[in-house]
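Structures are listed in the sections that come next.
Each of the two complexes below includes chain A, the first together with chain B, the second together with chain C.
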Partner chain A sequence: MIEFKLPSLGADMDKGKFLEWRIKPGDQVKRGDVVAVVDTSKAAVDVEIWNEGTVYELIAEPGVTMRVGTVMATLLAPGETPEAAEAEKRTRPAAVAVSVQAEAVPVTAVAAPVVPGERRRVSPVARRRAAELGVDAESVAGTGPHGAVTLEDVERAAAATKAAPAVPAAQLDKQAEMRRAIAAAMSRSKREIPHYYLSERVPLQNATLWLQAENARRGLTERVLMAALFLKSVALACETYPDMNGLYRDGKFEPGASVHVGVAISLRQGGLIAPAIHDVQKKSLTQLMQDLTDLVKRARAGSLRSSEMSDPTITVTNLGDQGVESVFGVIYPPQVALVGFGRVAELACVVEGGLRIIPAVTASLAADHRVSDGHRGALFLAEIRRLLQQPETL
Partner chain B sequence: MTNEEIRTIVLATLKGIAPEIEESDLRPDRPLRDQVDLDSMDWLNFLVGLHQRLQVEIPEADYRKLTTLDTVIAYLAQKCV
Partner chain C sequence: MSVISYREAMRQALREALSRDERVFLMGEDIGKYGGTYAVSKGLLEEFGPERIRDAPLSELGFVGAGVGAAMGGMRPIVEVMTVNFSLLALDQIVNSAALMRHMSGGQFSVPLVIRMATGAGRQVAAQHSHSLEGWYAHIPGIRVLAPATVEDARGMLWPALEDPDPVVIFEHVQLYNLEGECADAPRVDIASAAVRRAGGNVSLITYGGSLPKTMDAAGQLAAQGIDAEVIDLRVLRPLDTETIAASVRKTRRAVVVDEGWRTGSLAAEVMARIMENSFYDLDAPVTRVCSEEAPIPYAKHMEDAALPQAAKIVAAAREICGKS
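Moving on, here comes the complex of A and B:
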């Protein structure tokens, strides 16, 4: 019998509010299938499963807040019979039952129209729209099956409250919650990780010219941003310097098997999220650009997958668009490095003994001294610089 | 297409990316990206949105002509004739 537990969706998450199942008993699931939707302080996350099997029992109830590690469902392993699972359950009956009862904290702050004990059903599209409109989906009167809140219900509620204050209370709560989550993760980082910082000016003459020529050939929808070149160069440099890519857990460093780059994305309503693009070292720039566009869109709509939230192995932040020259980041634990890019600007640089005006960017590294030293960090930044001089190889 | 129609489309596209903007707060003669806080990804999405709604191609070389709301509308008006 396989126990499906609520996974951690990042260093700043120790509990989540279970919203809905995407599976039912008897369903076959495989690695990477989305099985549940869980609300964290940052987004409603599509939670994936990493086992293969047949869904046996759904234990978690929608609307309940639970701790990371709580058993949410059980599955039959391939070839396992329900009888075998029942027998196994009897050998550890307390484990399943107790962890749910003890750890699941019913949400008490549900708004007025809900009968106590009755849980609201909200369709995912309605929930997303509600977040966009700043409507508390839990308090909307539902007209769908079993009183489910539908898209129309949310839009009607939004129209009715249009005259209300600009920032609804639900959204303020969400912002405060996100602020707390960021505070917790960043405090932990500064408390536990001995950061060191390096920076390097990277000439972008070749990259800019190459990108101009490339984009002139491409239609508007296929255009590539410099940010994609940054992501790819960092990922390739991680292959040469694996001590920048991975997680520091339980007193030791585990190098990442692949390079999943967390991309820092600022949210319009405030706050920050850094979900991963997977296997960046293997992807073409065109593919990376599509992934990046899609990720930014979904991050802002509050619709991410659990693997994107939980498995970045390094983070890249690109604050250059906001006009700063350089950025020194705070590492997102348990990762061990963060690469920052500032503004791409025309600078006077000495090139082959002469003064030239060329585009350049300041790349910076914040890295974990428990895992690497400044010397390695310097080589890593130099590798990023080297890679960006040969954009056609990215 | 009249400038007024183009203006409506430009603002609707902009709102799709930055829902918080108020039209009355926008100075049409000031740089758009400074007023609306558009990063390069937002900017690209803005142009893709205009491309899809108006069927115009906007080469990268023309980006420098697109600074304020007024210049964006003027550029598109000339492309949409």
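Moving on, here comes the complex of A and C:
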């Protein structure tokens, strides 16, 4: 029997509100199928499944807010019979037993494992304070004696995560929720990640001319924006400098197997989301542009997929449209780098001994000093610059 | 203000009481010619004469009973019992007579008696001279129990004890007699409240008597390890100042009770029970205690040390409930 559990859809998520099923008992599912829609503080997300099997039992009830790790449904593995599943179920503890993924909790302590039948240790004052703050004390990682949850743990959890409200989720101010989620992720980033910052002016004469020529012969819907070139150049540079691409977890860096670029998208109602475009290094500019357009549209409509939410291995932010010259970003944990692009502007540049007015952009890098050093960061930025001089190779 | 020893402070307190009130007299074994087992009353016989500094025969039952009678008759006796172990011979006089007389006489008689006794271990005088039975006395309604742990309290508690119309038992820990400290010439101290000896925010270390210096030492070590301990000196073991304990626990949310008595049925148990009654919803960790090992206090130095609360044990207990073990 396969248990389908609510996945964490980002480092700042520890619970989600289940909205609807996209499957019913008896359905065959395979890896990547969308099976459920879950509302996080940021968006309604289409949650994908990573197992193959037959849907056996739907456990989660729509409209219920549940913690990451909660069993939502069970599936029969290929070849498994319902009788075998029932037999297995009887030998297991209650299927709704919950656990919190350590990475969802922005403190170093790991939640003590919940032993079925054993009451979680929560100090009296922590329990009282948790009730006041609307925090689920049972889900907080404990730092007290024998892993007990203390007052400090509760207050930290309340400050760091979106405080679980006493009122039903539907009545919540969505924007305030998102603000809290961003606050938690960014606070964790600045608390844990020793950032260093580099910037580099990148001439875009070649890129601009190439884009103009390309777009002139393309249809309106197939036109490519400079943003796609930026994404591709970052992804290719990541292949040369893999220490910019990946996740820093449990005290060590795990390089990304592929480059999934998180694209920072500001939402019209306020707030920010950075879902991934997968395998950017392998995709054509045309494909990237389509993906980008689609992603922005779906992000603003609130229909992202779970893999997009949880997969980014590096983030790109582009504040050029807002007219700023450069941006020094805050890394989205547990990623280790963020590349920022400012405004593409006509600038007086010295080119081949002469002063010329050409388009250029300031590219910046915020990187995790635990993983890379300024020297590597500089080489990485220089590689992005080099790639952008040869747009035809992108 | 001067720096004096606990022993000297106690002697000054006796001298002041004898000088201020002619009804006051001191009685006990070896307190006159010998100057007291712990030399507290040295010189007082010469100064005040044998009528008021009275050597008693070796019968605790007899001379404590004589003290009760004298108090009922209008005197203000101070009776010294050599150690708390020996006071067991006089328990009938203290518990059945002194503590009950106001009640049994329908309020007609009071017993304004002060009984001083040495208590505690650490001087290698073996089991029959080393026990801490303060908790037993704190169990008895009708008497007030004091445990001066500082030079100032040693100097200042005797006079208000004599002014109390009911019996007061004062415990002087043998380890404290050589303690030196600053003391006002005539300090005014109360005999009703506990004192915060060190303010802190992370854990309350609640203690009294001979364990106070060890607890202060532990608090200093804890500070170096990033744990800010508050030290509460109970001072008055009966009636207990519950409010000061509750206020401290409300602030720190954790408590270690340090008590040289054995843990079973100890004063520490009573303090812990009161924290449960009053402060349960303020607690962030189970209340814990450091007491003497449940064995007769050994004679051998290393074993005696091992049997008693020590700073290292207090530090370990505090770290444990702060989640830092």
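Criterion: the second predicted complex is superposed on the first by the 316 of 394 C-alpha atoms of A that agree within 3 Å, B and C clash if a C-alpha of one lies under 4 Å from a C-alpha of the other, contacts with A are read in each partner's own complex, and residues count from 1 in each chain.
Convention: contacts are C-beta pairs under 8 Å (C-beta built on N, C-alpha and C of every residue); 3 or more make two chains touch, one makes a residue touch a chain.
Because the structure is a prediction, the values reported are computed rather than measured.
**Q** Touching A:Leu225 in the superposition: chain B (first), chain C (second), both, neither?
**A** A:Leu225 sits against chain B, while chain C stays out of touch.
**Q** With both complexes superposed on chain A, which partner does A:Ala126 reach: first (chain B), second (chain C), both or neither?
**A** Only chain C is touched by A:Ala126; chain B is not.
**Q** Is A:Ser258 touching anything from chain B or chain C once the two structures are fitted on A? First, second, both or neither.
**A** neither
**Q** With both complexes superposed on chain A, which partner does A:Asn51 reach: first (chain B), second (chain C), both or neither?
**A** Touch partners of A:Asn51: none, neither chain B nor chain C.
**Q** Comparing chain C with chain B, which touches more residues belonging to chain A?
**A** Looking at chain B versus chain C, the one contacting more residues of chain A is B.
**Q** Between chain B (first) and chain C (second), which, if any, makes contact with A:Gln287: first, second, both or neither?
**A** Neither: A:Gln287 stays clear of chain B and chain C.
**Q** Give one of first, second, both or neither to describe whether A:Thr150 is in contact with chain B, with chain C, with both, or with none.
**A** So A:Thr150 only meets chain C here.
**Q** Which holds for A:Ser199: it touches chain B only (first), chain C only (second), both, or neither?
**A** The answer is neither, since A:Ser199 touches no partner chain.
**Q** With both complexes overlaid on chain A, does A:Val296 touch chain B (first), chain C (second), both or neither?
**A** In the superposed model, A:Val296 contacts chain B only, not chain C.
**Q** Which residues form the common part of the chain A surface touched by chain B and by chain C?
**A** Correct list for chain A: none, the interfaces share no residue.
**Q** Within the complex, which stretch of chain A touches chain C?
**A** Chain A residues touching chain C: 123-126, 128, 142-145, 148, 150-152.
**Q** Looking at the complex, which residues from chain A come into contact with chain B?
**A** For chain A paired with chain B, touching residues are 132, 212, 215-216, 219-221, 223, 225-227, 268-269, 292-293, 296-297, 321-322.
**Q** Residue numbers of chain C touching chain A in their complex, please.
**A** Touch list, chain C to chain A: 253, 280-286, 320-323, 325.
**Q** Under the stated contact criterion, what part of chain B meets chain A in this complex?
**A** 18-20, 39-41, 44-45, 47-48, 51, 57-61
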